[in-house]
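Several structures are given next for inspection.
Heads up, the next two complexes both have subunit A, just with different partners, subunit B and then subunit C.
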Partner chain A sequence: MSSAQAASLVINLTDSEPGFADEIKELGGEELLECIQCAKCAAACPMVLAGFSFFNKRIIQAILLGLREVLLDDSSIWACQSCNRCTEVCPREVNPFEIIQAMRRVAVREFALPTMSIEGLKSLYDTGHAVYLAGAGNTRAKVGLPEKPPSTVAYPEALKELQAIMRKTALADLGIIPMNGFGVADTCEV
Partner chain B sequence: MKLGFFVGCNTAFNRPDLERATRYAFPALGVELDDLEGQSCCPVWGTMPSVDLVGWCAVAARNWAIAEEKGLDIVTVCGSCYGSLAETRYKMLTHPDIKAQVNEILKEIGKEYKGTSKVRLAFNYLYYEVGPDRIREVIKHKLEGLTVAIQPGCHSLWPSKVYVDKEEDPFHPKVLKEMCEVLGATVPYYSRLLDCCGMGAMRSTNRERSFSLFQKKLVSIKEEVDPDLIVTGCSSCLIQFDTAQEFLRKDREINFEIPALHYMQVLALCLGADPEQVTGLARTNVGQVVKKILEG
Partner chain C sequence: MSRIGVYVCHCGENIAGAVDVEEVRKYAETLPGVVVARDYLFMCSDPGQELIKQDIRDGLVDRVVVAACTPRTHEPIFRKAVENGGLNKYFFEMANIRDQDSWPHWHDREGATAKAKKLVASAVAKVALLEPLEDRYVDVTRSSLVIGGGVAGMFAALDLANMGYKVYLVEKNPSIGGNMAKLDKTFPTNDCSACILTPIMVQVGTHPNIELLTYSEVESVEGSIGNFKVKVRKKQTYVDWDRCTGCGDCVEACPARVPNEFNEGMDKRKAIYIEFPQAVPKRAVLDIEHCINCAKRAIGTEPRIHSKTGEPILAPCEKACKTGACDRSKPYNPDGEIMELSVGTIIVATGYKVMDKTPFKEYSPQSPNVITAMQLERILSATGPTEGELRRPSDGEKPRTIVFISCVGSRDKNHHTYCSKVCCMYMLKEARLIKEKYPNINIYIFFIDVRTAGKDFEEYYNYCRGLGIKMIRGRVGAVDELAGDRLRVRAYDVDLGVPVELEADLVVLATAIEPAPGLEELGRKLGITCGSEGFMKELHTKLYPVETPVKGIYIAGCAQGPKDIPESVSQARAASSAAAVPLAMGRVLVEPLISEVDQEKCSGCGICVPLCPYLAISMVEYREKPLSRINEALCAGCGVCAAACPSGAITLHGYTSAQIHAQIEALTAGIGGGANV
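Here is the complex of A and B:
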């Protein structure tokens, strides 16, 4: 290993941000401090198998070390499959999946979220579906279904209800997507 | 018997043939499906769950309230819908403070979350409530002589604490295997049976890594089972198995193709549905295996 490579693996603890663990706990990662770093979760995690640099155990470790910027600079948290293998095997009921979600919530508050999430949220707000294909009506008809599914796309009143709810959530305070106008979303595949 | 059919996004827009199959198979087995008019996205992981815990539960709670008002349980063919709905139910029922905050938000639209309905995954519901014997009695076609590799899907198994339907051992799942055997198929084990297919957040974040994960699984299926068909329990797994093989072939990573269908599509075929309507949007070449099923 070259010295430059080795240097990139050194964790600089002077970068540690106090209060980071509390932030995670407040945003849903309640059981953070129960983790004993046993790595059972890592052994079960598809992100490890696929070669991501951060995954359940390492994300928790980085949080405990206060390495907020390091995690914000890495896209791994967005590759979590929400599969909950980790939650199933953790001997300490840490719920690592929820800690990763909490880390995403931290990132969202720094506007460090991927385009696919912004697009998904917009589409969810505008149509009621995070994944939406504007031209699906024809294919639906071809297989003998009504052009619109019986969802918010067929019931505008229901869409208004959903939007009213979303405006009452933290999403509205964050200003990540426009929530006043009546945007009509085109295709969105997240 | 009556259930609220939670269609979700991918099934409604990407694979309406799967929606059609579901709407065919349930009534054919004596289960009526309600439309849960006005339902929305579950919401899926990369959206509200990644923004705010209470906001996630609130969007899901509106869906829940639609089913509760009709006194119905929910059924879905999508692992993500199943997971997100079951997680939010579990969170609201185990954390009264979350439930209270959600209901404060729902007041805005005159709804309330009570916690009276449950969510079931289609093949689980059929296994536990309709039963293998009844299915065996009603089917018109069989998968006789066909070998199937199963892909139950992450969310059909974990975290088992949030689900009503639990496998005896969530790391040795049996339900989907038995449900395929009921249709007459041979269903061998393969070493990567429990692996994730790589669809979803991973595919959106890093397609190469998602496909390499998928490839490991697919090659294990090919080398150890060499099946006539892959049967998934989840619509997202279906999309990965149905679309990623083509990419891997173009990249010369593999030189074969295995047809892939969702369990509800195979069941609908066995129950006598029109193959064009219930499998017509498959990208893998399912023609041959569908023909064999209809002859069986």
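Here is the complex of A and C:
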């Protein structure tokens, strides 16, 4: 490894943001400072097994040290499967999952999100499902289920309510996805 | 022929785990004089002791051997059982088959069993030859000496004084108060240290039963429990304390400046000084080494007379003094004054010192902005060099980023392998005090483990984290000086798994707690050895935590090991109540295991006299011949005289030559040709 590469590995805490932890707390990670880095959450996390570099425990430590840029340069936070096991096992009631969500909110505000996430958000707005298989109706019918699931897909008025809610969120201000017409799109397959 | 009973203890698994107890028991039955051999799971328990007592009551045995743990803790228990059974309690011998056998030979069952047999045979051989002895008592001097006037020593002294006993409190510094007087606030409640300590200092200073001997050191200790003779050197103050009022006028006038120990060297005091403003006693001391003898007024000389005015030419200090306390004409003895004290018990509470930063080259100790936590304590204190203003030493600027480094000199084979125990908490405390006052200052604490075991300590830690103090697991590897009085701190964040670095304005080293200087020497005077780390060893970690191997001498506070204020005070009060027991009893039991001179055999050579560490031996005229005589009250039964006597005239009861030889024979039976001698 060249010395230039080695130097780039060092994280300079002088450049860190002292107020970053407060921002995360405001965006939903209220219990952030309760974390003592015991790593029980990491032991329960599928992201660790999948080899992602920033998982719950490391994300929290990076936030505690004010390393916004380090986290924004890494896409690991988007790999969280929302299984919530970390929150279940945490002995300090830190709620690591909520902290990852809060970090995602930070990332979205900086437009630091992967394309897949944009598509997911669009699908959520358009159909009420982050992942929606429009062509699934036939398969459902074959196994005796109604073609449309009993969700926003079957109840357009519910989708309208959801869209109204989404338009009240920061997403509307950021303009990441178009929030125009109503109604379930025919194809929003991702 | 004596009827010996042998009782082999399993000590749960402690002995039985390595020794075949049944085999040892069977073997004991075959030894000469043994009429019964039994074994039991816990011989020291009530049913175990009952086995022994019943055999004595039944007339079955008249001598008892217990093969078990250590006589250090259990000999008195079994002697009592033997006595309760109806025998002279000195018809008892113990074979230590745990500390000297099962523990060191844990993985050698065969060898351990063989050794247990030898140890039992040796005890049986000796017990057959034991004589009945009578306990004796000596009267106790109802006073106590406390060495060290920190928070532990002060509480020990106060408790004893409140019980009505005379207490001498010896302190080497000019004032009592100790290290606690230097602290700003104290965890876990953040009480102001001075506010809780100074009233105690006043109580100690004014208590009618406490004689305060500050600026004094213990010179020598003789005697034993109940009757210690202690010589204390009152160091020369070169100020007449009977006249000194502590006004400080001499200090104002003095031009000589010396690094101030009380402020950890961060500012200067004068050569004549009062240790700190709240000192008790508030008296000035002249540091003769740094005195520059203004107006050529060397101590003990008459002043020159001014040629014009005819007035004597005085030094500024004596000129300023309104009471004549600073009169330099007095012929002071530089060695001070020796006081002789008689006390029944002694408490050692000599406290600690914190390590200096100098040995830690990797942390740039040459930088004024790298300080010890004790120095920061002085900076934070209202009585400190900055009067409580947080300013860094190099330029007096308020730091924006502060880094704390834990375990500096602790848990380190190059310095001290132990954990200093209080550093995690005092770092958190200092960080918290700063953060609460200045929320915008960035504070990082680099640690290995955060050890906050103690009542309300974890809550304190959580609170500090909540304040946004940044905790990074990982020992700092380097602190480098940068331009602009900045410091670069390099470490590895174990939790992120990456190297980190940052620039700081102030680096605080949590240096290790060390025994107070001279503790080892004091230990030699007292007959107490210090452990490998230099702290004094208690008699038994769990059961006799304030007692020492020397009866009548007790320990409290950091003399025994690093501890915080709540623990030091608890231990001090425990030590004072232990030290009060002999004083309350008025007499103490002295085992009759002491030496006696056979006057027929004594040649009067006098070799024994200077050897006795207790000054118990003197030469007396007997039939116009000098003979050695041992004072029973002073003899501690160490046996040095008996071993040295060329005429074999001295017998140490309980360890006679015949008894020792019988033990050796039993231990070496079957070993031929003297090969093992």
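Things worth noting here:
In the analysis below, the second predicted complex is superposed on the first by the 168 of 190 C-alpha atoms of A that agree within 3 Å, B and C clash if a C-alpha of one lies under 4 Å from a C-alpha of the other, contacts with A are read in each partner's own complex, and residues count from 1 in each chain.
Going forward, a residue touches a chain if its C-beta (ideal position, glycine included) is under 8 Å from a C-beta of that chain, and two chains touch if they have at least 3 such contacts.
Because the structure is predicted, anything quoted here is derived from the model rather than measured.
Model built by superposing both complexes on subunit A: subunit B and subunit C fit together without a clash.
Once the two complexes are overlaid on the shared chain, A:Gln61 sits against subunit C while remaining clear of subunit B. Of the two partners subunit B and subunit C, it is B that touches the larger number of subunit A residues. In the superposition on chain A, contact is made by A:Thr14 with subunit C only, not with subunit B. Shared-chain residue A:Met116: touches subunit B; no touch with subunit C.
Shared-chain residue A:Glu34: touches subunit C; no touch with subunit B.
When both complexes are overlaid on chain A, the residue A:Lys25 reaches neither subunit B nor subunit C.
By the touch criterion defined above, A:Gly128 lies against subunit B but remains apart from subunit C after alignment on the C-alpha atoms of chain A. One geometric descriptor of the composite model is the angle centred on subunit A: between the Cα centres of subunit B and subunit C it reads 100 degrees, in steps of 10.
Taking every C-alpha of subunit B against every C-alpha of subunit C after the fit on chain A, the minimum distance is 20 Å. Residues of subunit A that touch subunit C in their complex: 9-14, 16, 18, 21-22, 33-34, 36-37, 57-58, 61-62, 64-66.
Listing the residues of subunit B that touch subunit A in their complex gives 7, 9-10, 12-14, 16-17, 19-20, 23, 35-41, 43-55, 58-59, 62, 80, 83, 105-106, 108-109, 111, 154-155, 157-161, 170-171, 195-196, 198, 200-202, 204-206, 209-210, 212-213, 216, 274, 276-278, 280-281. Within the complex, the subunit C residues that touch subunit A are 401, 440, 442, 444, 450, 462, 465-466, 468, 470-473, 490, 493, 495-503. Looking at the complex, you find that subunit A touches subunit B at residues 27-28, 46-47, 49-52, 75, 78-85, 87-88, 97, 101, 104-105, 108, 113-114, 116-117, 120-121, 124, 128-133, 136, 139-140, 142-145, 149-152, 154-155, 157-159, 161-162, 164-166, 168-171, 174, 176, 189-190.
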